[in-house]
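Two complexes are shown next, each including subunit A; its partner changes from subunit B in the first to subunit C in the second.
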Partner chain A sequence: MEKIKKRFISEIFYSILSLSSIILLILGWMYLASKRPELFPSPQETWDRLILFLEKPIRRIPLYSHVLDSLRRVGIAVLLACGFGIVLGTALGWSRLVKSTFGTIFELIRPIPPIAWVPLLTIWFGIGEFPKVLLVFIGTFAIVVVNTAAGVKMVEPLSLAVGKIFQANEFQMLKEIVLPASLPAIFAGIRTALGVGWAIVLAAEMLGAVSGTGFLITKGMSIGDTALIFICMFIIGIIGALLSVLASFIERRICPWKTDR
Partner chain B sequence: MNKNKTENTLLKRDKWKYGVIIPVLTVVIFLIIWELMVRVGVIPQRYLPKPSELGNVFIDKLSNPRPEDSTLPSNILSSLQVSLSGFLVAVVLGIPLGWFIGWYKGINRFVRPIFEIIRPIPPIAWIPLTILLLGIGFRAKVFIIFFSAFVPCVINSYTGIKLTNITLINVAKTCGASYFQILTKVGIPSSLPMVFAGIRIALGASWASLVAAEMLAADSGLGFMIMMGRQFTRPDLIVLGMVVIGLIGALFAFILSKLEKKMVRWRSIK
Partner chain C sequence: MKDKRINKVEVKNLTKKFGDLLVLDNVSFKIKKGEFLCVVGPTGCGKTTFLNLLSCLCEPTSGDLLIDGEPANPKKHNLAFVFQEPSSFPWLNVEQNIQFGLDIKKTRQKDKKERVERIISLMGLEQFRNSYPHQLSVSTEQRQVIGRAFAMDPDLLLMDEPYGQMDIKMRYYLEDEVVRLWKELGTTVVFITHNIEEAVYLAERILILSNKPAKIKEEVLIDLPRPRDVADEKFVKIRKYVTDQIKWW
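On to the complex of A and B.
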């Protein structure tokens, strides 16, 4: 009884700690806002700006469709990256010949951060929809490939031996043994890719776009509208968190046997 | 015995073939195809430079400050300065923070909410706010780099210390160590492999967001150089910049993995 009571008290103490940190954050924000009102909008002003934005959209595009534009770019790119990435990754992990040919080129290009492709892509394709999707593709493709290859490499030799005994041909081995076994690794890659893709689309949109959250945030910067920047950062953060939750949910559905570390 | 020997030489030959000959051949063929594509005109020269040109551009850029008013070495130096300062601050602050969050429940409950609010915001999203607050100088860029490197440092050192083997902790407890002693003697050493993984991620992230920061707001640095390359339609400059950025990134990764091997030697005995 005494022990339960003690635990209860300490639990309350810790909850107060958590609560107080959030309150401290908001108080700090309000303090900065009162100190430098021209730079920091107060929480109230930020909220008003959000309402205003919902009533009077920028470039006549409502907020949700800015978000959807960004999400669509990420979605298309990640889907393509999964399609091509899983194929190349499997080949890299499976065949030494592919690894020493395509793998070499891949390893040479990979250290270049995706954002560094922006100038070249804009020279090639302008600032339309395609180069943005391509940029996100470049960034996410590498992640999917690396994870898939690692997963294929880690398939139990015993499972492969079983396949061999049953005289499976190479295609059957890949489809029935290697792919299912490396599914958790592939999904870990896809989850990372979603997060990274969400960051890259932001960069792509900040460097030239007419819609999307990245466009909104640079718009806020160029007209000195800090409240708009704050709103965008919140939205970006929330969507990023939601994407990661969504990815874990799908992961759990598709490979339920995976134990979380 | 004899059979073993031939097997060994076969293995060696295989290694030689797949590890050296084919990769080198691939790169050569890749470069030749690239060169031919541009020479024949499948890809116009204003879109892509010839690989054979890149050497000349590199040598020229070593001393020629045009078109963006700084030479290649000074660009590299400025980028390195910014990214290493931001990265080091993040490592020095982030790793101990992760340890403490993982070790002390009170700190965990206090810091966690703030950290979880900030964490999902990509570092790039901080750039506009940073520019408005700090301008486009050295401090602003260091701040952005700091953010991108800070999060992986904290997460990895936190995970590392959480994974500490409970038996080891109990042994230390039995020997009469205080909670803080257990942290320094057991928790921290056992978290080091994860910490190093975090540092590696942080370095890669800081190098990537450095390029973003320099492209959005800077007056020198490699990111600025490739951005100017676009403005003046100099694809040779852009590709040169990309190659240099990639090389330095790969060099960082290499140095870190060497350092890691040195510092966490016991890990190799799996």
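On to the complex of A and C.
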């Protein structure tokens, strides 16, 4: 009884602590806003800007639609990256032949940061939807490939031995043993890919777009609307966190054996 | 008494080295079709290595391994292997694990269901059928692995210290079950154990291996009637004899 009471008190203590750190942050923000109002919009101003934005959308595109545009670009690109990446990653981890052919080319291209592709993609494809999706694809594909290949390489030899004893053919080995055994590694890759993809799509939209969260935030910069920039930053942060939650949710659904550990 | 059964396994001058480490040194022996063979020997002498060779999980350095008169090839023979380490698939639940081999062999759905049900009740796994391996105790997981092997109705069953983790009651029960499976199916069984009582209880013949590099130190035929009684005078005599022959400590 004594113990439970102590636990309870310490729970409350730490909750209050984290709550007060948030309050402290907001107070600091208000202080800065009062000192340099031209650089820092106050919380109240930011809130008003948000309401205004919801009532009078920029370029007649409502806020949620900007967000959905960005998310759609990331979604399509990451989906494609997963599809192709898991196939190539599995092949790379499984077959020496693939590793020494495709693997070599892949290793040569991989160190180029995705943003370095922007000029080339712009010259080739302009600033439409396709080059943005392609840029996110380039940035996330490698992540999925590398994680998948690592997972495939780390499959327990004993699991492979069991498959061999049961006379599994090569296809069954891959489908029934190698893939499920590597799923946790693959998901680690997908989770990172979503995060990185979200970052890249913002960069792509900041460099040239007519919609999307990245476009909004640069718009805020060009018209000196710091409140708008603040709103965008909040939204970008929240979406990033939600994507990570989404990845965990899907992982738990697809890998039920990883739960309640 | 001369054993008239044909040979299931023939091992001829089998040698296995890992680099410079000589593990099996020119070993030759035969296993009859339908025989129950126990292998005992000191830790690290090469028992697991022998089973790995037999199931083609690794290659012999020299010598021949014939199963049914042909070079050993797991693609041709219906063999099952219970590994020393826990070898269930973490991503499958108990039922799916037991079914794994049947899925690979594309057994008919109805057959599959029946066999899986039989194995689940045989191994007493009813309450665990939807559990994943990480939720099981080691001995329960091992029962499921044994069930997965039994489900195949193998004609060559290799078991590497399968009951090491079990409590006495479970071990006695599973010993009787493996004997029953062996009798019903005419399976050839190679059973590795450190437990001499277990070897004498199960085997028609015991192979005693020497320290590494492993050679066959002695063969002991056991023609006690079944079911055997561990307290029986003859049983105790054989058990003592085998113990004396081993004395690897």
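Basically, the second predicted complex is superposed on the first by the 245 of 261 C-alpha atoms of A that agree within 3 Å, B and C clash if a C-alpha of one lies under 4 Å from a C-alpha of the other, contacts with A are read in each partner's own complex, and residues count from 1 in each chain.
Methods note: contacts are C-beta pairs under 8 Å (C-beta built on N, C-alpha and C of every residue); 3 or more make two chains touch, one makes a residue touch a chain.
From a predicted model like this one, the values you see are computed outputs, not experimental measurements.
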Subunit B versus subunit C on the shared subunit A, clash or fit?
-> fit
Which partner does A:C232 reach: the first (subunit B), the second (subunit C), both, or neither?
-> first
First (subunit B), second (subunit C), both or neither touched by A:A181 = second
Hey, is it subunit B or subunit C that touches more of subunit A?
-> B
Looking at the overlay, what does A:L158 touch: subunit B (first), subunit C (second), both, or neither?
-> second
First (subunit B), second (subunit C), both or neither touched by A:L17 = first
Once both structures are overlaid, what angle do subunit B and subunit C make about subunit A, taking C-alpha centres and a multiple of 10 degrees?
-> 90
Go through the superposed model and pick first if A:Q172 touches only subunit B, second if only subunit C, both, or neither.
-> second
Once the two structures sit on chain A together, report how near the CA atoms of subunit B get to those of subunit C, whole Å.
-> 6
Dual-contact residues of subunit A, meaning touching subunit B and subunit C, are 261
Mind listing the subunit C positions that touch subunit A in their complex?
-> 55-57, 74-75, 79-81, 83, 85, 87, 89-93, 100-101, 103-105, 132-135, 152
What does subunit A use to touch subunit C in their complex?
-> 158-159, 161-168, 172, 176-177, 180-181, 183, 255-257, 260-261
As the complex stands, subunit B meets subunit A at residues 18-19, 22-23, 26-27, 30, 46-47, 105-106, 109-114, 117-118, 120-129, 131-133, 159, 163, 207-209, 211-212, 215-216, 223, 226-227, 229-230, 233, 235, 238-239, 241-243, 245-247, 249-250, 253
Complex contacts: residues of subunit A adjacent to subunit B | 14-15, 17-18, 20-22, 25, 39, 96-97, 99-105, 108-109, 111-120, 122-124, 198-199, 202-203, 206-207, 217-218, 220-221, 224, 226, 229-230, 232-233, 236-238, 240-241, 244, 261
